[in-house]
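After this come two complexes, each holding subunit A, first together with subunit B and then together with subunit C.
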Partner chain A sequence: MTFSGEFLAFMSLALVAVIGGVLLLNLTKVVHMVVALVFTFVSIAGIYVLLSAEFLAAVQILIYSGAITIVMLFGIMLTRHNDTSEPNTGRWRKLLVFVGVLGFAFAVYIGIYNLDLPSAPNDLHVNNTEQIGIELYSKFIIPFEVTSVLLLVALIGSIVLAKKDDEKEAEKE
Partner chain B sequence: MVEELLHSEAGLLNFGIFFLLATVLLLVVLGFVTYAILAERKVMGFMQLRHGPNQVGGRWGLLQTVADVLKLLLKEDTIPKLADRPLFILAPVIAFAPAFMVLATIPFTDKLQFADIGVGLLYYIAISGLTTVGIVTGAWASNNKYALLGGMRAAAQMISYEIPLVMSVLGIILLTGSLNLNEIVEAQKNGWFIIWQPIAFIVFLIASTAELNRVPFDLPEAESELVAGFHVEYSGFRWAFFMLAEYVYFFAMASLTTVLFLGGWLPLPFLEFIPGAVWFALKFTAVIFALVWFRVTFPRLRADQLMEFGWKVLLPVALANIFLTALLKEWLNIF
Partner chain C sequence: MSTVPVQAYLALALILFCIGLYGALTKRNTVIVLISIELMLNAVNINLVAFSKYGITPSITGQIFTLFVIAVAAAEVAVGIAILISLYRNKKSVNIDEMDAMKH
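The block that comes next holds the complex of A and B.
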C-alpha cells in the first residue's frame, strides 16, 4: 500500500482535529479548552484546503480561529478566568453514554457503507471564490440580505445592552 | 518550480526539497530580522541625534544584534511557579508559527513565490489573526496582571484594526477582480494602486501599523504603563520567539504593502532593465523606513482613543473608499 501525500495530510489533519475535540471535552481549565478548540478549527480548515475549498478554509480560520476564539478568550478573561469544570457524572450515565456512542458509530458506519455519492462535477475548485460570489448574489440574494438584517439587529441589540449598563452605573454613583 | 513539486509524487525526496526551501527562507528571514533591528536602532539613533550601536562589530555595530541574540540564547529560561506551564511553553510557538506561514504566499518576484494561492490576500489576513491567540494565551498563562492587561489590549486592538485593514483592501480587490496576489500585481501595470487608491493606502498603512503592534499603537506592550505588556514574564529564547514573530510580521507586512500598493516587482517606466527583485527590495526598504520613521515620530495613543479612532474614523473612511471605488469602476466602464 502506498501513501499519497494527500492521504498523509488528511490523516494528520484529521488526527489533530479529533484530538483537539477530545481534549476540548476532557480538559478542566476553560482556557485550555479554547486552545484545543483552535487546533480543531485550524485542522478542519486544512481539510477544506484538501477538498479544494480554499475560500471556505480562509474564512474558517478568519472567523472561527481568529475572531470567535478571541472573543471567547476575551469573555473568559474578563469574567472568572480561573474557572474550572469538575466532572460530575455517575457510573450509570457513563454507561448509557457509551452505549449511545456505540449505537451512533454503528448507524454512521451503516450509513457511510451503503452511501453511493453521484460523482460531482470536477471543476468546482476553479475560481471557487468567484463562483461563490456569483451564486450568492444571483440565486441566494434574499437569504443573504436577510442575514445582513439579522447581523444589524444583533449589532443594535448589543449597543442597546451596553448603553443600559452605563446608565444604571451612573445612577448608582 | 514549486508548482511542479506540488503535483509530483509524494516521497522523502520531495519532503527533503520542501524542508530545504523552508529552511532557506527561514534563514533569509532571520538575516533580515537581525539587520532590520540594527537598521531600526541606527535610524532611530540618527533621528534622535545619537549614534546608535557602534561598538560591537566595527564602526557600524554590524554584530550588535548577533551578540544580543547570543545573549538571549544563553539566558536562564525562567517559568514562573504559578504560571500555567503547558500554555506558557506553547504560547510563543502559536505566536510565531503563523508569522512564518504567511510568508509562503507573498510573491517576491514573478518567479520567486512559494505558494500561488487563489485566495492569497485572504490567506494572509486569516493566518495572521492566529498570532493574537498566541499572544493572549501567553498573557493569560503568565498569571501576571500586567501581562493579562497587555493580552487583553492586544486582543481588542487586533480585532478592531483587522476590520479597517480588510475594508481598505476591498477597493483593490474590486479593481482587480481577484484575491490572488500575483494578479493584483499584474493589475498595477497601468498605475500602482497607491495612485488609484490613495485613501485605501493611508487606511491600510495605519491599520497595518496597529496590527504590527508598533508605535504609536504599541499598547499591548506599553513599557511606561504595563512594564512590558504581554511578555513580562518571558525571558531568554521564549521572549526571543515573541520578538521574532513581531519582526517576521514586520517583514511580511512591508512585503504585503509593497505588493498591494507599490506594484510589487513592477519597474518604473523607462527603467525596465533593472531586475524585478531589485525593485521589490527598493520598495520594501522604503516601506520599512517609513514604519521606523513612524516609530520615532509619534507618541503612543491612549487605549480609548485607539478604539474610537479605529471604529469611528478608520472604518467609515474605509467604507466610503469602497463606495468611491465602486463608482470609479462603473465610471471607467462607461468610457
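The block that comes next holds the complex of A and C.
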C-alpha cells in the first residue's frame, strides 16, 4: 500500500476520531466526556474535507463542535450531576450490551468487507457550495421549507418545555 | 485515483456508530446518552457523504441529505435538553435509571 498524503490524513483523522469516542466511554467526569467528543466532531469535519464536502465540513464545525457541544455543556451545568458517578449498572448487563454491539459490528463488517463498488468520476469538489445551493433551491425546495417549520416547532417546543411553570401554578391557586 | 478505499470510510463510520451505541445503552447520565446519539447520527452522516463521492452514481444528493440530518439533529438536541431540564426540575436527578415514571 502506498502511503500517500490522503491516506496519512485519513489515518490520523480516523485515529483522533476513534480516540475521542473511546475517551467518551472511559472518562469519569461528564464535562471531560463532552470535551473529548469535540475532538471527534472536528476530525469528522476533516473527513468531510477528504470526501470533497467542504461546505459540510464548515457546517459540521459550526453546528456540532460549536452549537451542540455548548448546549450540552449548558445542560450539564444547569443540572446538578453527582460528578464522577460510579457506574453501578450491572456488570452482566454491560457485558451483554458489549457482546451485542460486537456482534452487530461484525455482521456489518462482513457486508463492508465484501463491498466492491465501481468508482465513477465525479466533480463534487468544484464549486461545492454552489452545487449544494443550486440543488437545494431547485430539487429540494419543499424539504428545505419543511425544515424551517421543524426548526420553528423545536424552538417553541423547547421554550415551552424548559420554561418554569410558576405562572400556571399561580393561576391554579 | 483515490488511495483511500470506500471501505475505510465505512469502517470508521461503523466504529463510531458502535461506540455511540454502546455509550447510549450503558451510560447513566442523560446528557451523555444524548451526546452518544449525536455520535451515532454523525457516523451515519459519514456514510452518506462517502457514498455521495464513491457510490455507483456519485451525486451531490448525499451531501444535501446530510444537511437535513444535521438540522434535525440540532432540533433534537434542543428539545432533548429542554426535556432534561424539565425532568431535573421535577425529579432532582439526571440519572436515566431513575426516570421510570412510565414503568410503574
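Everything that follows uses one rule, which is that the second predicted complex is superposed on the first by the 140 of 173 C-alpha atoms of A that agree within 3 Å, B and C clash if a C-alpha of one lies under 4 Å from a C-alpha of the other, contacts with A are read in each partner's own complex, and residues count from 1 in each chain.
Heads up, the rule we're going with is that a residue touches a chain if its C-beta (ideal position, glycine included) is under 8 Å from a C-beta of that chain, and two chains touch if they have at least 3 such contacts.
In this text the structure is predicted, and so the values were computed from the model without any measurement.
K.L.:
What is the contact status of A:135 with respect to subunit B (first) and subunit C (second): first, second, both, or neither?
P.N.:
After superposing on A, A:135 lies in contact with subunit C but is clear of subunit B.
K.L.:
Between subunit B (first) and subunit C (second), which, if any, makes contact with A:74: first, second, both or neither?
P.N.:
A:74 sits against subunit B and subunit C alike.
K.L.:
State whether A:32 touches subunit B only (first), subunit C only (second), both chains, or neither.
P.N.:
A:32 contacts subunit B only, not subunit C.
K.L.:
Give the label of whichever partner, subunit B or subunit C, reaches more residues of subunit A.
P.N.:
The larger set of subunit A residues in touch belongs to C.
K.L.:
Could you look at A:55 and tell me whether it touches subunit B, subunit C, both or neither (first, second, both, neither)?
P.N.:
both
K.L.:
Contacts for A:42 in the overlay, against subunit B (first) and subunit C (second): which applies, first, second, both or neither?
P.N.:
A:42: touches subunit B, not subunit C.
K.L.:
Contacts for A:127 in the overlay, against subunit B (first) and subunit C (second): which applies, first, second, both or neither?
P.N.:
In the superposition, A:127 contacts subunit B only.
K.L.:
Which parts of subunit A are in contact with subunit B and also with subunit C?
P.N.:
Of subunit A, residues 4, 6, 55, 59, 67, 71, 74, 78, 81, 128 contact subunit B in one complex and subunit C in the other.
K.L.:
Applying the document's contact rule, which stretches of subunit A touch subunit B when the two form their complex?
P.N.:
Residue positions touching the partner: 3-6, 8, 29, 31-32, 35, 38, 42, 54-55, 58-59, 61-62, 65-67, 69-71, 73-74, 77-78, 81, 127-129.
K.L.:
Once bound in the complex, which stretches of subunit B touch subunit A?
P.N.:
Within the complex, subunit B touches subunit A at residues 10, 14, 84, 86-87, 90, 94, 117-119, 122-123, 125-127, 129-130, 132-133, 136-137, 140-141, 148, 151-152, 155-156, 158-159, 162, 179.
K.L.:
Any idea which subunit A residues touch subunit C in the complex?
P.N.:
The touching residues are 2, 4, 6-7, 10, 14, 17-18, 21-22, 24-25, 30, 33-34, 37, 40-41, 44, 47-48, 50-53, 55-56, 59-60, 63-64, 67-68, 71-72, 74-76, 78-81, 85, 87, 89, 93-94, 97-98, 101-102, 104-105, 108-109, 112-113, 115, 117-122, 124, 128, 131-132, 135-136, 140, 143, 147, 150-151, 153-155, 157-159, 161-162, 164.
K.L.:
Could you list, by residue number, the parts of subunit C that touch subunit A in their complex?
P.N.:
So the residues of subunit C in touch with subunit A come to 1-4, 6-12, 14-16, 18-23, 25-29, 31-32, 34-36, 38-39, 42, 45-46, 49-50, 52-61, 63-64, 66-68, 70-79, 81-86, 88-89, 92, 94-95, 97.
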